[in-house]
Amino acid sequence: MNPDIYTRRESEARSYCRSFPTSFVKASGSILTDEKGTDYIDFLAGCSSLNYGHNDPDMKAALIEHISNDGVTHGLDMHTEQKEAFLTAFEDIILKPRGMDHKVMMVGPTGTNAVEAAMKLARKTTGRHNIVAFTNGFHGMTMGALAATGNAGKRNGGAMPLQGVTHLPYDGAMGPDVNTLDQIEFMLENPSSGLDAPAAFLVEPVQGEGGLNAASAEWLRGIAALAKKNGALLILDDIQAGIGRTGTFFSFEEMGIEPDMVPMAKSLSGMGLPFAALLLKPELDVWKPAEHNGTFRGNTHAFVTARVALEKFWKDDSFQTELKSKARTIEMGLTSIADMVDGARLKGRGLMRGVDVGSGDLAEKICAEAFKRGLIIETSGAHDEVVKVLAPLTTTEEQFEKGFEILRDATRAALTENNQIAAE
Amino acid sequence: MNPDIYTRRESEARSYCRSFPTSFVKASGSILTDEKGTDYIDFLAGCSSLNYGHNDPDMKAALIEHISNDGVTHGLDMHTEQKEAFLTAFEDIILKPRGMDHKVMMVGPTGTNAVEAAMKLARKTTGRHNIVAFTNGFHGMTMGALAATGNAGKRNGGAMPLQGVTHLPYDGAMGPDVNTLDQIEFMLENPSSGLDAPAAFLVEPVQGEGGLNAASAEWLRGIAALAKKNGALLILDDIQAGIGRTGTFFSFEEMGIEPDMVPMAKSLSGMGLPFAALLLKPELDVWKPAEHNGTFRGNTHAFVTARVALEKFWKDDSFQTELKSKARTIEMGLTSIADMVDGARLKGRGLMRGVDVGSGDLAEKICAEAFKRGLIIETSGAHDEVVKVLAPLTTTEEQFEKGFEILRDATRAALTENNQIAAE
Amino acid sequence: MNPDIYTRRESEARSYCRSFPTSFVKASGSILTDEKGTDYIDFLAGCSSLNYGHNDPDMKAALIEHISNDGVTHGLDMHTEQKEAFLTAFEDIILKPRGMDHKVMMVGPTGTNAVEAAMKLARKTTGRHNIVAFTNGFHGMTMGALAATGNAGKRNGGAMPLQGVTHLPYDGAMGPDVNTLDQIEFMLENPSSGLDAPAAFLVEPVQGEGGLNAASAEWLRGIAALAKKNGALLILDDIQAGIGRTGTFFSFEEMGIEPDMVPMAKSLSGMGLPFAALLLKPELDVWKPAEHNGTFRGNTHAFVTARVALEKFWKDDSFQTELKSKARTIEMGLTSIADMVDGARLKGRGLMRGVDVGSGDLAEKICAEAFKRGLIIETSGAHDEVVKVLAPLTTTEEQFEKGFEILRDATRAALTENNQIAAE
Amino acid sequence: MNPDIYTRRESEARSYCRSFPTSFVKASGSILTDEKGTDYIDFLAGCSSLNYGHNDPDMKAALIEHISNDGVTHGLDMHTEQKEAFLTAFEDIILKPRGMDHKVMMVGPTGTNAVEAAMKLARKTTGRHNIVAFTNGFHGMTMGALAATGNAGKRNGGAMPLQGVTHLPYDGAMGPDVNTLDQIEFMLENPSSGLDAPAAFLVEPVQGEGGLNAASAEWLRGIAALAKKNGALLILDDIQAGIGRTGTFFSFEEMGIEPDMVPMAKSLSGMGLPFAALLLKPELDVWKPAEHNGTFRGNTHAFVTARVALEKFWKDDSFQTELKSKARTIEMGLTSIADMVDGARLKGRGLMRGVDVGSGDLAEKICAEAFKRGLIIETSGAHDEVVKVLAPLTTTEEQFEKGFEILRDATRAALTENNQIAAE
């Protein structure tokens, strides 16, 4: 690696490369390999964009075949064999069995674009401008979605007032004793609260960036009920928590809620290719042609791999069954970490888990020590205080075992280091 | 094709598929082939995202090799062999020979994301909120970039007031007799004009969506001078006009202007893969790590193909020389169309050309007739009044010849149809 | 009275005249007299703009003398004998004895103008745009102040999104068991809450329009402490609660808080003349000349009467002592009303009191019945559920006695009416 | 005078007192008298708030009588004898003879409040947010009106982005050779101009603060036609130019335009008392009661004096005839100044006139020299380059003669001073 090219030519905005200072040359399943031939277990999975692991052989094969055959690479939003096949698979394998009648809007291939489309459509269909988002929520970096993102550092990047969003406390945000639904209801019911009638509630069922906060089904049903009562739409941002991450395809399955819109991205393509979509109830589909568009909407390569992913992993419930078992593995692994750190507590749900170690400083040290030992893992939370496991869902039991062993070693090393500092 | 799947499951926002109602299965060079085996000459090129044509064999080969070798598909913004190679090639082949010291910011893989990053950075570095954009400008669909987009239909899609942008008239917007620099200067120099001091001027050297309006070098130098004088940055949006489209790699080369930032996307990957970047002067690079980020920033597949594209087409000036000749071919072809339509006039520059046929109705009929005859071509302009040629730059002389022949036939048919309607 | 002139020529925005459908010809002390010679006891006092009653004889005399002598009526913000005398009296009688070093900014003669000036200055001096206001707060109708006003009906009048303000729950807003300081602190301390760092907290010590909600000293000290800790200013809007209304000149005296800015209006002139001012800490006084101005800033007639008011009522503490006794009278009077209505409870503080009768319907009936019997009284609160007493502070014990007698009769009548409706 | 009280206790925002550093004790007709007994001819007239001069004897007498009789001083918006009399007089003397069917909305007693009400109503009735205002326009200091004000210094006082207004060039703004209607029409007709469909055009027939720029009748008719064609309302801000200032009661009379709304303030009360109103077409009067309100709306003292003013000056056309002759006097006086200064040119219309002396520096020197000689006069314009005459309309020929004599002396002194500086 020639690190100079990065300092010389890549913007200071680059970030993950700072935590993982090596150059990767290969990636397969849950293993990343760097230029020195070192293997790393990947507990980050492209921030949940690689739920099926790196370079799944079936997706690879299908994509190589598509390219070899001169299949369309870029087709704007014209009809292609691949788009038809994807839509058909998505309808048959995902929507129908779940009783969902949503339509699919092909947006620019990023999560933020799907969120922007949802926000625009919510405003357009309700004639209201305000959207309620939640503390610690993360929805993207473009100005519309950034307004709904809680993180102060990200918000300040906008360098001008953000508008059109009211932030209310997420489930559990003020501790277990405060039911934040009460506060939300109070703001909605009091006609002098200053809360403008919301076009929508925009909520992540599990907050990935915000610290792996998992909303309870009861709370989400409460939000759904408040939305309905107040003439607002329910937008469930499933960008990070969807596609099996919590154990089911959508993170909100079996919760008894029916979202009006679902922004999707990250693992939607299956192979880590840029791809995003917005699911929307048919009655909301008032878009005029190209009223919201984007050159790369509907990535054809991603149609190919996404279809393979649906057919391979979701046609029956074997994968989902497997996920339950892996979720327990992760819980046990993280419990072993939590047991080592005073006051630590588990966060998250399904295979989207973490351990709050009490401080960003410690969490960062743990991750740094883990990297030295061959594990790629990152922090999350408003203070970066959560060590977050977002391993590929296809990670084997052996890999989990090894990964958590490294994580324990890393935690031990980080605690020792902290103690030494404290002793000095 | 099963069109039902689209009406049943794809959002009404879909658009190009309405103009080209068939299903494509293959794409190579300048030819798209549909499921019936019909070949279409492509004069749209993914709205200039396929400047090197579909599935360039060298890019294909490199990409297939990369995938076959389990090269990284999704690496967030970690270092990879492919990123390093791309940055090095971009530095050596593009930046250095042009005396540019810009850094590259990897943004989400869409043009709008690059524009949003530029707008945020301009505000952040100047402490000013206002950005001057131009009539008929198009910069994207997310709320920040949408504010800079002129089109009323697109703007209304935002469904709430857009903010932070003042729109001033583009070069030639009010006809050849009005020098719009005077108006712009007046607004800037008059301290009571109501124009808030601009953080930046955001301008397309050629307006792709706005009607193929090409700014003169003199006008752009005037804007650059006004920016400098008023403490504002110059952002040249080269998303559609860049990567050879006007005959040089950047559309602003040889104009004597040095932009502070250059949003790039569309043909940057070379093969039509989602990829975008923001070039920025080093002194502006005050981003904190991840202050603006995005899961799909730095598409590794695109690094591979983009590097091949740079090495294949831009290492010496043979390609650029070829473009000059093709630009003349296009001009001649479009002149033959313009000669058929009363009052028609040529628009654009280089290989980003069109003919204003006076009405959107006629332009749309011409495009529809062309499609029937095997040519994919679209309109542009505030009233869709321009028949726009954005053929792959690699289109052969024979293909151009055939394409323009079809276009002449289509124009004739559309005019006949119009005359018949008029006669009735 | 010719009511036609009003329906024909006055805007539908008119309001109080609908509750009190007669035409007034005379006003003295606490008595308004209509054209038929009917006397009304005034328990509204121009919404607390007539704290010293109507046409105080000393103010009248001074004003008549001033006019007779051709004293300046309108002097923009030039120096006049009257302005000097007012400022001197305000310094000697109000500021110095209270240890306040605030400066006085002459703003346009309305409360909203004083609030707008305060909001602008808070943003200007802190470089932050966000201002925290509170549920049920009322600060004015112009777009800056309206953003800080909670009432949905008023807000909708703006007919576009209001910006720059976050609304958080006022003291007691969620019932006695919830300490809203916790929620406010949570939003401030969590860097991912989505609350942009506030330039200021804008708060009414007692919310006049919002339902006579009185913040506790402890809560206000908590807000003051949070403001200080977070680099935000404290703006205490004393427009309705100030000038003796709560028993002291300022409503926040003896609370141990030192506001950075205090918007004042309503009873500031003493006689009901349009007059407003903003008190601001000297270190905040960074205004450039006329940076915020207004043709009628510094009403000279009001300088005359305001000075008389200060000298007559605030030179020693006899008036303040008297207010304590009257506050008790009001409390007893309202208690007698509350005793008549199931679940009713007293609201407010000092001489700014009311009784929440549980529904806007009942409260309005009570006020309508009171008017029939010779008492002018209005409702307040998000649902107009509070019968509000804002009698002149100079109301005599007899007048209070008579007023409350009417109010009891009116309540009885309203309850009877309600019962009859219920029985039907 | 004790100047310390001002530096110690009045905000730095104070302004006119800096140009006229004395303390005034008396004011009658066109004469202000200071504490030393010096008389000043008033060519400023409270920025056109004293069109009938200071302390008109009939208005004084009526006001004293009203106060003496305990007439209502502050009546919120309840019916009073005085309001009825004012409305009746306004209908009979002003509206009916001019064929106007407008209703009167009593707003807070400042111009900015009337403008805010108009902007809100325009947005409410059209469902559009954007309002077109003009370069050099001045409409007030509260956040809604400030957005429509052009002056950069004033705008920056808002300390956050202002929204909802697009500024286009006023008549003549770019010199006599450019018809700015063309630019405005271009922005409106081009659906990709970026100009959001306007709710209203907000325009001053003569720009008082902006440099006494008088729009031609033709241009205003053009704006009216564009408004009509584009579904926008026409708001003529007559706050400074109205009430006889241009020679007729409204400044737009005899121009063939019918404004939808007319904000009025300044000289509306006749005597310089705070008073404002919004005239609005009956079909626009969709306000709900108190949807826009304000404690001091409908100043009863001002009703008294305003009625006297209407009856005294506007019942027949003798006053208006007189104004024509005085307009000529002013024109001759200012021509004599213009003749002394190279390149100077007359500005304005009627009795709202000035001379552009080419630089703010010279204009300020002239005004300072005039004050030394007993004349109160101010500058105007984006660069303060206009010496502005806003004398009371009741100024006698002798007073005008004497005033202009002083002005000529002052100009001579200022020019001499400038020449001396240049020589050094």
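The first chain written gets the first letter, and so on, giving A, B, C and D; residue counts start at 1 in each chain.
Just so we're on the same page, a contact is a pair of C-beta atoms (placed from the backbone, for glycine too) under 8 Å apart; a residue touches a chain by one contact, two chains touch by 3 or more.
This is a predicted model, so every value here is computed, not measured.
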Along the graph of touching chains, what's the shortest path length in steps from chain A to chain C? 1
So which chain is the furthest away from chain A, centre to centre on CA atoms? D
Chain A to chain D: how many Å between their CA centres? 58
So what's the Cα centroid distance for chain B and chain D, whole Å? 49
I'd like the Å distance between the centres of chain C and chain D, where a centre is the mean of that chain's Cα atoms. 30
Can you list the residues of chain C that touch 2 or more other chains? 129, 153, 160-161, 163-164
Using the touch rule from the top, collect the residues of chain C that touch chain D in their complex. 1-3, 5-6, 8-18, 20-28, 32, 35, 44, 46-47, 49-50, 54-55, 60, 63-64, 67-81, 84, 87-88, 90-91, 95, 103-106, 108-113, 116-117, 119-121, 123-124, 129, 140-145, 147, 153-154, 156-160, 163-164, 265-266, 271-274, 278, 280, 285-296, 299, 301
In the complex, chain C touches chain A at residues 129-130, 133-137, 148-153, 155, 161-167, 169, 173-174, 178, 182-183, 186-187, 190-197, 210-211, 381-383
Provide the residue numbers of chain D that touch chain A in the complex, in ascending order. 160-161
